[in-house]
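Here come two complexes built around subunit A, the first alongside subunit B, the second alongside subunit C.
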Partner chain A sequence: MNSFIAFIMGPMVWISVIIFLGGLTFKLVGILGAVRQKEPYIYSYMTLKHSLRSIGAWMIPFFPRSARMSPIYYGISYLFHILLFLVPLFLASHIVLINEAFQISWPALNDSVADGLTAGVIAALIFFVVRRFRVPEVNYLTSAMDYILILVVLLPFLTGFLAYHQWVAYQWITVIHILSGELMLIIIPFSRFSHMLNAPLTRAYMGSEFGQVRQAKDW
Partner chain B sequence: MKYSNRFILFLAVLFVAVMTGFYCYAGQDLERLDPWAFESPRRPGAVFSHDDHIFLADDDCSVCHHVYEDGELVSDESSDDLYCSDCHSLKPAPDNPMPLEAAYHNLCRDCHFDRGEGPVLCGECHVKE
Partner chain C sequence: MKTKENPMTDTPSSVEKPTDPAIESGLERLTPDRIQQVIQDVLKKETGPRFKAYVETCMHCGLCAEACPYFLSNDRDPQFMPAAKVKNTIWEMLKKNGNVSKDFLRRAVRISHLECNVCKRCSMYCPFGIDIAYMMLLVRRICHKLEITPQYIQDTVNSHSVTLNQMWVKDDEWIDTLQWQEEDARDEFEDLEIPLDKMGADIMYSVIAPEPKFQAGLIYQAATMMHAAGINWTMPSTPGWDNSNMAMYTGDNEISGRIARAFFETAAKLRVKRIVMGECGHAFRSVYDMGNRWNSWVMPPFEVVHALAFYHELLTEGRITIKEKYKKKVTLHDPCNVSRGRGLHDKAREVVNMVCEDFVDMVPNREHNYCCGAGGGVINCGPPYKGERMVNNRVKAEQLAATGAEVLIAPCHNCHSGLEDIVHHYDLKMEIKFLGDLIYETMDKKIYTPGA
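Presenting the complex of A and B:
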């Protein structure tokens, strides 16, 4: 068992991070290449100013009109995306491992606070599942893959929550925690999770199209 | 249905006996390292039996109680008359590149990985109190 844990805590982390970063880089190059090939004139009106203006406007809570039209979903989604990065990156246990590997360190969240925020992430994911069932227009667009992807995000947070409390089967819970975290990283470039790359690109394009060409706002 | 006083007394005594046994068992303290050298430890001290480890190290104290000079391990020298924190300060320093927490983690976990046995995951040593 220890050699298996050594593998998933060592080489497998590197494999996951390389697939994650390499996959997204490959994807970015592919998108930019496809635009150059099919609609190269897009580059002629892309501006940094309008790109950043649009990305910025869409990051201000409840600023875009569509956010105000469904404030509950938007509000939960907004907090969820912040916590998705904040909790794992500022978790004391994770920082200890990073520090031992690279001798770098940064301030950590209080454990009880992180515990509560993790429960918040799990609650948000349950909300997303219920929403896909209950809202007809969302349900119509939902396939099995959407639930699978929610499960992929749920697993590392749920097992992290259980591992912290050490209620049952600590070793297995923690092994699944490590593996599911790596699975999530690996899946990002090959699934809808790649919107972490596509979303800012889309905003940059829309911001430039509306700002530079139509002299209008896109929020 | 009416129970006799004797039967109720028997049940009461049985209840007290079982609960006493349960508390004695559940309250059994695991043998742990005392994290006194840490200013505000986030986790309870690691579960650790010194006796078991003397046996595992074939009575060679220097396996854990090592001596380093100029970054080199001095063989056959033991530091069992010192506290870990005498050399390993809480923060890395010029004369100590290995802070106390990392010293514990690396020493214990690396040995458990090398031997293929012993706890290696956070909560396997830092068992909740």
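Presenting the complex of A and C:
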């Protein structure tokens, strides 16, 4: 058991981070190469200014009309994405592990604050599930994969939450927590989670077409 | 909203769906192998990382729904939301590797040709900027290659192919129409000319084929403005005069490219400095955005000026003066292809305010305006589909009614015809005009008339 835990907390972390970063890099290089080969016109229309203008406009909370028309979903989704990065990266117990391994550290969130934010992430995921059931147009688009993806994100946060409180089977919960966190990282480049790479690219292209050619706003 | 026969409550399912002879006979000719081969060919050879990213990136969030007039007009029926149209066409084709049934294709033709104006509003509501209109055009491309394009719009493409204009206007009829307008206008303005093939003119004026076919008065009006403003202009006498391009909307990219190329070559032959075009949206898109790309120009080889921008120029430079402003309460429809497509909405408002006394805006407006429901080739699928088009345009009717305006300015041919249908169907009691109609009515026409 100890050697198994040592593996998932040691080499497996490396493996999953390498697959995550390497996969996204590989994907990006692949996209840029394929664009050059098959759709080079895209580069003729992309401009840095209009790409950043569009991405920037969509980063400002409730600035796009689309966001203002669905404020609840947009607001929850916006916070959810921030917390998705913020909580794991600034969690005291994660920083301790990194400090042990690399002797580097950074300020951590207060534990009870982090606990509350984790609950927030879980609540947001539950909201997404309910929304998929309840809103007809979202339900119409939903496939099993959409729930699987939600589950993949839910697992590390839920088990992290349970592990922190140590209510039941602490050790097992922690093992699942570590494994599911690694699973999420590994899955990102191979699933629609890769929108973390694709979305800025598609937004930048549409922003460029609107800014440069159409001379209109796209938000 | 109270209307004739209560059309607001009709849903498409209660409207009789006509069977289109071109679609039906096309489907009859198809074999499963052929269907699969064409779909695979198009998806493999004509798409790339852009399409792949669009398919891979959609998180099924449903935010695009709010953008679509079809969805809003059909009581938020999910099958009309943009992403659902992709789901029911392209996703399925991809999933089944092109092995789809004829019933599926019959539905795909309708979705792509009749339930989407390719207005691109949804890519402004998708946080990722996914271009769903592009994917609907891809479906139309597949339908074109399968030869199941709706009959009426296919006929306009046939006309383009044979005559290089959309309406089977014969070469001599074109010249004859221009000379007839010139002759009529000379009764009012003695030295007015519609100069044909004048080499090196500052401006080539270009129109869509429906103008000589049945709206020749618009050419008369344009000539009057050119005359009053003292413009050095010309119109081509040869094929290539028509800037419309229905092939762009059926996915017949080869013919679409030919039309745009002939158009630019006509301007090049005349060695004009710029091209000015009448109030048409899709034609502008065809030569400003699409046709140039097919012919490998990043941007058009000529400066292409839409009527809205040209009017703005004439009025702000004082080449045309308004004698007396138009009195009635007007509102302005922003055509997708020149507002969302070229950002001309602010100039349009400035012109309207220079010409009219009482202007009220629609909500939403500018880039966010609802499509007229006719554009993107939808109205060109013809009378058999008018009933369902009216149902699908309900939200536009509500938007128009809310303005309380007496006159609706529609600076685009497709919008003009589509809005005409909406106004009649929903009994809105609005008069529809081109912006040029109002300028013609209010401008000082005497500037260059003899003896003045």
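Basically, the second predicted complex is superposed on the first by the 219 of 219 C-alpha atoms of A that agree within 3 Å, B and C clash if a C-alpha of one lies under 4 Å from a C-alpha of the other, contacts with A are read in each partner's own complex, and residues count from 1 in each chain.
The working rule: a residue touches a chain if its C-beta (ideal position, glycine included) is under 8 Å from a C-beta of that chain, and two chains touch if they have at least 3 such contacts.
Source: prediction; values computed, not measured.
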*Clash or fit (per the criteria above) of subunit B with subunit C on subunit A*: fit
_First (subunit B), second (subunit C), both or neither touched by A:Thr202_ = second
_Superposed arrangement, angle subtended at the Cα centre of subunit A by subunit B and subunit C, nearest 10 degrees_ = 170
*asked:* Contacts for A:Ile31 in the overlay, against subunit B (first) and subunit C (second): which applies, first, second, both or neither?
replied: second
*Does subunit A have more residues touched by subunit B or by subunit C?*
C
*Mind working out whether A:Asp111 is in touch with subunit B, subunit C, both or neither, as first, second, both or neither?*
first
*So, does A:Phe157 touch the first partner subunit B, the second partner subunit C, both, or neither?*
neither
*Thinking of the overlay built on chain A, is A:Ile42 touched by subunit B (first), by subunit C (second), by both, or by neither?*
second
*Tell me which partner A:Val96 touches in the superposition: subunit B (first), subunit C (second), both or neither.*
first
*Does the superposition put A:Phe20 against subunit B (first), subunit C (second), both, or neither?*
neither
*asked:* On the combined arrangement from the superposition, state the nearest Cα-Cα distance between subunit B and subunit C in Å.
replied: 36
*Where on subunit A does subunit B make contact in their complex?*
2-3, 5-6, 9, 92-93, 96, 99-100, 103, 111, 163-166, 170-171, 174-175
*Contact footprint of subunit A on subunit B as seen in their complex*: 42, 92, 101-102, 105-106, 112-113, 115-118, 120-124, 127-128
*If you look only at subunit A, which of its residues touch subunit C in the complex?*
30-31, 34-35, 37-39, 41-42, 44-45, 54, 58, 64-67, 69-70, 73-74, 77, 135-143, 146, 192, 194-195, 198-199, 201-207, 210, 213-219
*What residues on subunit C touch subunit A, complex-wise?*
48-50, 52-54, 56-63, 65-67, 71, 76, 78-79, 81, 83-84, 87, 123-131, 289, 293, 298-299, 339-343, 345, 364, 367-368
